[in-house]
Amino acid sequence: MSYLYFPGCSLKGTGRAYEESLLAVFRALGIPLAELADWNCCGATAYMSIDERQAFALAARNLALAEAQGASDNGAIQLIAPCSACYLVLLKAQRHLMTDTAFRQEMSGVLPGNMGDPGQIRIRHPLDVLVHDVGLQEIARHVRQPLRGLKVASYYGCQIVRPFALFDRPHDPSTMDDLVRTLGAEPVDWPLKTHCCGGSLTGTMPEVGLRLNYLLLREAQRRGADLIITVCPLCQFNLEAYQDFIRRRYPDLAPMPVLFFTQLIGMAMGLPPRELGLQRLLIPVEGRMAALSKEGAHARA
Amino acid sequence: MSERPVAGDKGFEPRIVAFFCNWCTYTAADLAGTARMAYAPNVRIIRLMCSGRLDPQFVLAAFRHGADGVLIGGCHPGDCHYQEGNYKALRRYLLLKRLLREMGIEEERLRLVWISASEGDRVQKVANEFTETIRRLGPLRLAPRPGMIRLPAAAQPEPQPAAREGVLP
Amino acid sequence: MRAHEIYPNGGPRIGVYVCHCGFNIAGKVNVREVVEFAKTLPFVVVAREYKFMCSDPGQEMIREDVREHRLDRVVVAACSPSLHEATFRRALEQAGQNPFFFQMVNIREHVSWVTEDPREATEKAKALVAAAVRRVIFHEPLQRRRVPVKDRVLVVGGGIAGIHAALTLADAGKHVYLVEREPTIGGHMAMFDKTFPTLDCAACILTPKMSQVAAHPNITLWTYSEVIQVEGFVGNFRVRVRRKPRYVIEELCVGCLQCIDACVYKDARFPDEFNLGLGKRKPIYIPFPQATPRVVLIDPETCIWFKTGKCKQTCLEACERAAIDFKQQERIEEIEVGAIILATGFKTFDARRIPEYGYGKYPNVYTALEVERLVNASGPTGGEVRLRDGRIPKRVGIIHCVGSRDERFNRYCSRVCCMYSLKLAHLIKERTGAEVYNFYIDMRTPGKGYEEFYDRLLQEGVHFIRGRVAEVTDWAITPDEEGKLIIRVEDTLVGAVRRIPVDMVVLAVGLEPQPDADEVRRMFNISCSKEGFFLERHPKLAPVSTFTDGIFLAGACQGPKDIPDSVAQAGAAAAEALALIDKGFVELEPNTAYIVEALCSGCKTCIGLCPYNAISFDEARMIAVINEALCKGCGTCVAACPSGAARQHLFEDAQIFQEIEGVLAYV
Amino acid sequence: MSKPKVAFYWCASCGGCEEAVVDLAEEILQVVEAVEIAFWPVALDFKREDVERLADGELVATFINGAIRTSEQAEMAHLLRAKSQILIAFGSCSHTGGVPGLANLYDREEILRYVYEEAPSVINPQRVRPEERIEVDEGMLTLPSFWGAVQTLDQTVEVDYYLPGCPPPVGLIRSALQALLSGNLPPKGSVLAPDVALCAECPRKPTKPERLALKELKRPHQVLIDPETCLLAQGLLCLGPATRSGCGAACITGNMPCTGCLGPTSRVLDGGAKALSAVASILDATGEAEIERILEGIPDPVGLFYRYSLPASLLYRRVGNGERAREGRSS
């Protein structure tokens, strides 16, 4: 199976490490990813709340492109959207196209492709693809450096299992816990998997946004997590970038690395750190890993 | 057979005869009524005790007398009040569909549905969907049949059937 | 052939009556127009309208017309025949006419209530009336069949509803078979400590009834037994019951329980079903001290003899009456009864289906049923409310509507949870002095003394927070939350999200149909409503009857119900069964199939089709014959008869052909 | 006193019915003795004028075989009706449409195109078709018009009695003639055959099991047919249960299933539908896929259930495109 890949703006900007690690992992697993040519803004967040129709139109154009570019492939067109916001807005737009015939007709007049059947595109999150298409067994086969002893808190954020719970339970998702186990690490029982990261409040109402971040980080710390993994560029940014600010207000917070889940997979697969964008982390993870392997060696000895 | 009404502003209005079994489908239609679930008025329900009573002659008679579609309603498989009348209905229905196909009648004009006594909403849904299906197909243009259609002899109130015929040999 | 061709010298005289049903019909259908239309139909002598045809004056109108106009056919266009067909047939009978010269037109349920446009509704009503007029011409005089009724009753389920129904019938002198799946009767009620709103002790009011059942000469009690097959029909059901082996001879066991003491297992170590696993039992056990019958049983899953074939069988030695029988086999009993009452009860919602409430994850999250056992004096803690770690909770949260009023699971209200939550709140506060919080969506306390009980709880200082709980978590933010379960909820009265730390969470789980309700209803040939509870014949007028004559419903198998309602319904079901039996016979609808013998070719097509073996082949005459006593009137053989020799009363081909033409003649 | 006059005529038919009359063998002499044959174009040289010359009702009885397909057949039917006291539809074609009635599965244009252009034995490069009228030097030539559909006799004129069968069995003809000559006739409209289905007189009846449950349907050419056992029990679709008796189970005696030529009993409105119902009822399957698999054994339901009766059936003829429907009965 081959996949189309819709990066969205974050993966080319603040979330560059996400793209790097995602591409590296897929490459290592031998799964081709073809970047959607001429993609545009997905239409998410701010756009959606100001003008829904235009936001849907933006997303619809991406879907039309996918339909045209994926058409040669047999079977359903698989479109991977790693950013949670892109993933959700594409899903919403797809449903809108399928139910609102007037909108669909309007779009088919101005968009590339014939918009024959918007339902034939399967919009996928890479976590879903890796766990359900590739499979944990196949991933386990590629693990070169099992992350033994590493305690990982999995963080999903608000958008990828709600409102569309397409591959995991909306209240207590567990796909990443299964993945963490496959990588040799230990998932932390952490009840905040889908609690709010503050979203854009970190910028607009820092008091509130930072506190939300603090609660997430502190709970992960209290439950013994060595690091947090996430699936969303905004969550990753919020959780990682503000830790200094947060610590000024809440001094009990120790530095907590926040990784994209693909980075963790790459680490377990033994891919070079640079290919995974690990150097871009503000709170480095190598030290922790080193300590772990020393502990491990100690324990083995 | 009465003349088809002149198309009003609504155009073609399908005529649909529905044969509903007493225990499940007819009761479900009653429930749809009690719950005020409005549906297309085109569907005219005739009550049978069981979908197993559905004689294929009834379906053909309905088409002959002007029905554009015929709906058969029975209990879900395994739920028949008479144990398995609905399976007999299913067999007759499937063979009848083959006959209709050969006679140039769109198969969708005959539909068998399983509706339990508690599925009033399904009566509404099926009635509306089926009416739309028939509306899309348009009127059933059965060629007019010359001659009179006699009622079957046995059931005429008089003269009594046994006495009427069979003088020979 | 048209009717007027068949009757060249005057034909049937038909009266057509169109009911307004207040505004129910007249609000949509132009009744006057339907009446005027009916007057134009062949053989219609009179056509009238009336506000309520089913009322006395309405019926009298028919009777008068039958006499005055010599009507011999009547059509009433009103509600569903399931409601008033019998009423109007009776009116015909009273006027000296055969009741089957009647046809009912359903212009309420099938027309006025389901049609938006008055014009279309009126046209549809006209078409249906035309069909009925054509049909009724071809009706024939018929006699109802009378079938004797067996004077015994089967009650399935030995909860409070089944017990009450059985005792009512037995006291009236009828023999009752009471079949219960569990080793004891008592059902859910036996698990409760107190009952709302009076707080009288459940055991004190239930156990005397249980002993009465055991002692009653008119009751055959079969516990640990299941109905496996039902055949026949009203008045004459043949039922097979499987009696599972308890490995103890019921007639010999006196319930001294010495065998339990003697068991090679010195300590009780297996989860005790009756206490929902909160307590322990031995392989040989009695569910609870007042179990009825007071007979022990052996669980072969845990008994070392059954598992290994090696045991000293100390129980056997301990039993002075030699009641223990390791070789006991299951037995199949066959009984014949005239009526059946289903009182199979409910199951509680599986709280694991809502993972965010933490049941099964956090040990201090309990279901309400478990707490019923905890507060019960004969329960595993002797009535003390203690957590699994032995602590006594200081703060307790009770979450309402778990699995009820929830689009994801059950849309319906389970009716009893608000009240039992209040009861548990009271008992917990009384026993522990804890602060108790109720998290509710709406308080539903409609019942005698219920609202007053709610008031009492408010006075007692129990807290009520209005809002659907989002989650139960061990995620502590503040120091006072440490080590506690935190209930996160939007308090919709305050308009804020709150976090309430507690030691114990009680989930007020809703009531659901038994997991095998679908199989049971198939066995008894009845219907289920959408949610899976057994469907009553009519929600208002026949709430304990089913669509299968002779089978009645009692208690929560028909829908969530509290004890008073279950008992009331059980009484009603018993009365219905009694009325049926005391009459001594049932009158069956004369819609049987019959074969015109002179016309049957003996092709045997029909014989294998009959689900009731009512058709046989007469080898002497080489034709098929129908035993009308066995025929239930489905008409399958009639539809199949290739030469039209098989026919069905009330559903003659000609009648149906006329109906078909009729509904199509006017559009 | 002159002998009563009778007439025989044929319309759309194969001639088999005429043979059936001759099958009376020497008995026919008694018939000829008793009546005067006023019109029998197959056997004797008669012209239409011979009929036209008769007074209305002068013929005591007329036997018409064959279905009605052309304007000429209809004209003759009307003419003979007027001249006859009793009109008898003779044989399946006039009774219920017969085998020619299966043409109602096609429309007029399809038939003409096939017969004059597409049939393998046709060489007709100019695609010449017969014209109803053509001007030649000698004047105007006309042909009867070919109708859009086949009709039964009673769909054309009023019929008094029916003698069913393809052809009518000799026994039934004999009884009918006796009844006619003795004046001992049943009510008008009767079918002059027993009103009980064929199983009643089938020699294989004792071998029929009480519960038929067919898992597979077979056609006669696919199996070696046991000459003793009930054919349905062998999985062969015998229409005996749905067909009048009176033929002495002739086909079955010849080891072939009944195909229903005597038509349904008087209690049945649409014989094909009734037979279909009976066949479907005795299939041994409850799942849709399994039922469909068994039904594959009926490749041509119309040909099976309406072999002799399509024009008399409720559906009458195939529903086609707009052209067919509009055309109806073009004359």
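Note that the chains take the letters A, B, C and D in the order they are written out, and that residue 1 is the start of every chain.
Following the convention adopted for this analysis, a residue touches a chain if its C-beta (ideal position, glycine included) is under 8 Å from a C-beta of that chain, and two chains touch if they have at least 3 such contacts.
As the structure is a computational prediction, the values presented were derived from the model and not from experiment.
Participant: Taking each chain's centre as the mean of its CA atoms, which one is most distant from subunit D?
Facilitator: If we average the C-alpha coordinates per chain, A ends up farthest from subunit D.
Participant: More C-beta contacts across B-C or across C-D?
Facilitator: Of the two interfaces, B-C and C-D, more C-beta pairs touch across B-C.
Participant: Just the number, please: Cα centre separation of subunit B and subunit C in whole Å.
Facilitator: 32
Participant: If you average the CA atoms of subunit C and of subunit D, how far apart do the two points sit, in angstrom?
Facilitator: It comes to 58 Å between the two C-alpha centres.
Participant: Using mean CA coordinates as chain centres, what's the subunit A-subunit D distance in Å?
Facilitator: So the centre of subunit A lies 77 Å away from the centre of subunit D.
Participant: I need the residues of subunit C touching at least two other chains; which ones are they?
Facilitator: 598-599, 609, 636, 639-640, 644-645, 653, 657
Participant: Would you give the residues of subunit B that are in contact with at least 2 other chains, written as numbers and ranges?
Facilitator: Residues 55-57, 61, 84, 88, 92, 150-152, 154-155, 161 of subunit B each touch two or more of the other chains.
Participant: Give me the residue numbers in subunit A that touch at least two other chains, ranges are fine.
Facilitator: Not one residue of subunit A touches more than one other chain, so the list is empty.
Participant: Which of the residues in subunit B come into contact with subunit D in the complex?
Facilitator: Contact set of subunit B toward subunit D: 55-57, 59-61, 63-64, 77, 84, 87-88, 90-92, 94-96, 98-99, 102-105, 140-147, 149-155, 159, 161, 164-169.
Participant: Enumerate the contact residues on subunit B facing subunit C in the complex.
Facilitator: Touching subunit C from subunit B are residues 1-2, 4-5, 13, 15, 17, 23-24, 27, 29-30, 32-34, 36-39, 41, 44-50, 52-58, 61-62, 65-67, 78-79, 81-85, 88, 92, 116-119, 124, 148, 150-152, 154-158, 161-162.
Participant: Of all residues in subunit A, which touch subunit C in the complex?
Facilitator: 169, 171-172, 191-192, 215, 219
Participant: Under the stated contact criterion, what part of subunit C meets subunit D in this complex?
Facilitator: It comes out as residues 598-605, 607-609, 617, 622, 636, 639-645, 653, 657.
Participant: Flag every residue of subunit C that touches subunit A in the complex, lowest number first.
Facilitator: Within the complex, subunit C touches subunit A at residues 355-356, 471, 473-475, 477.
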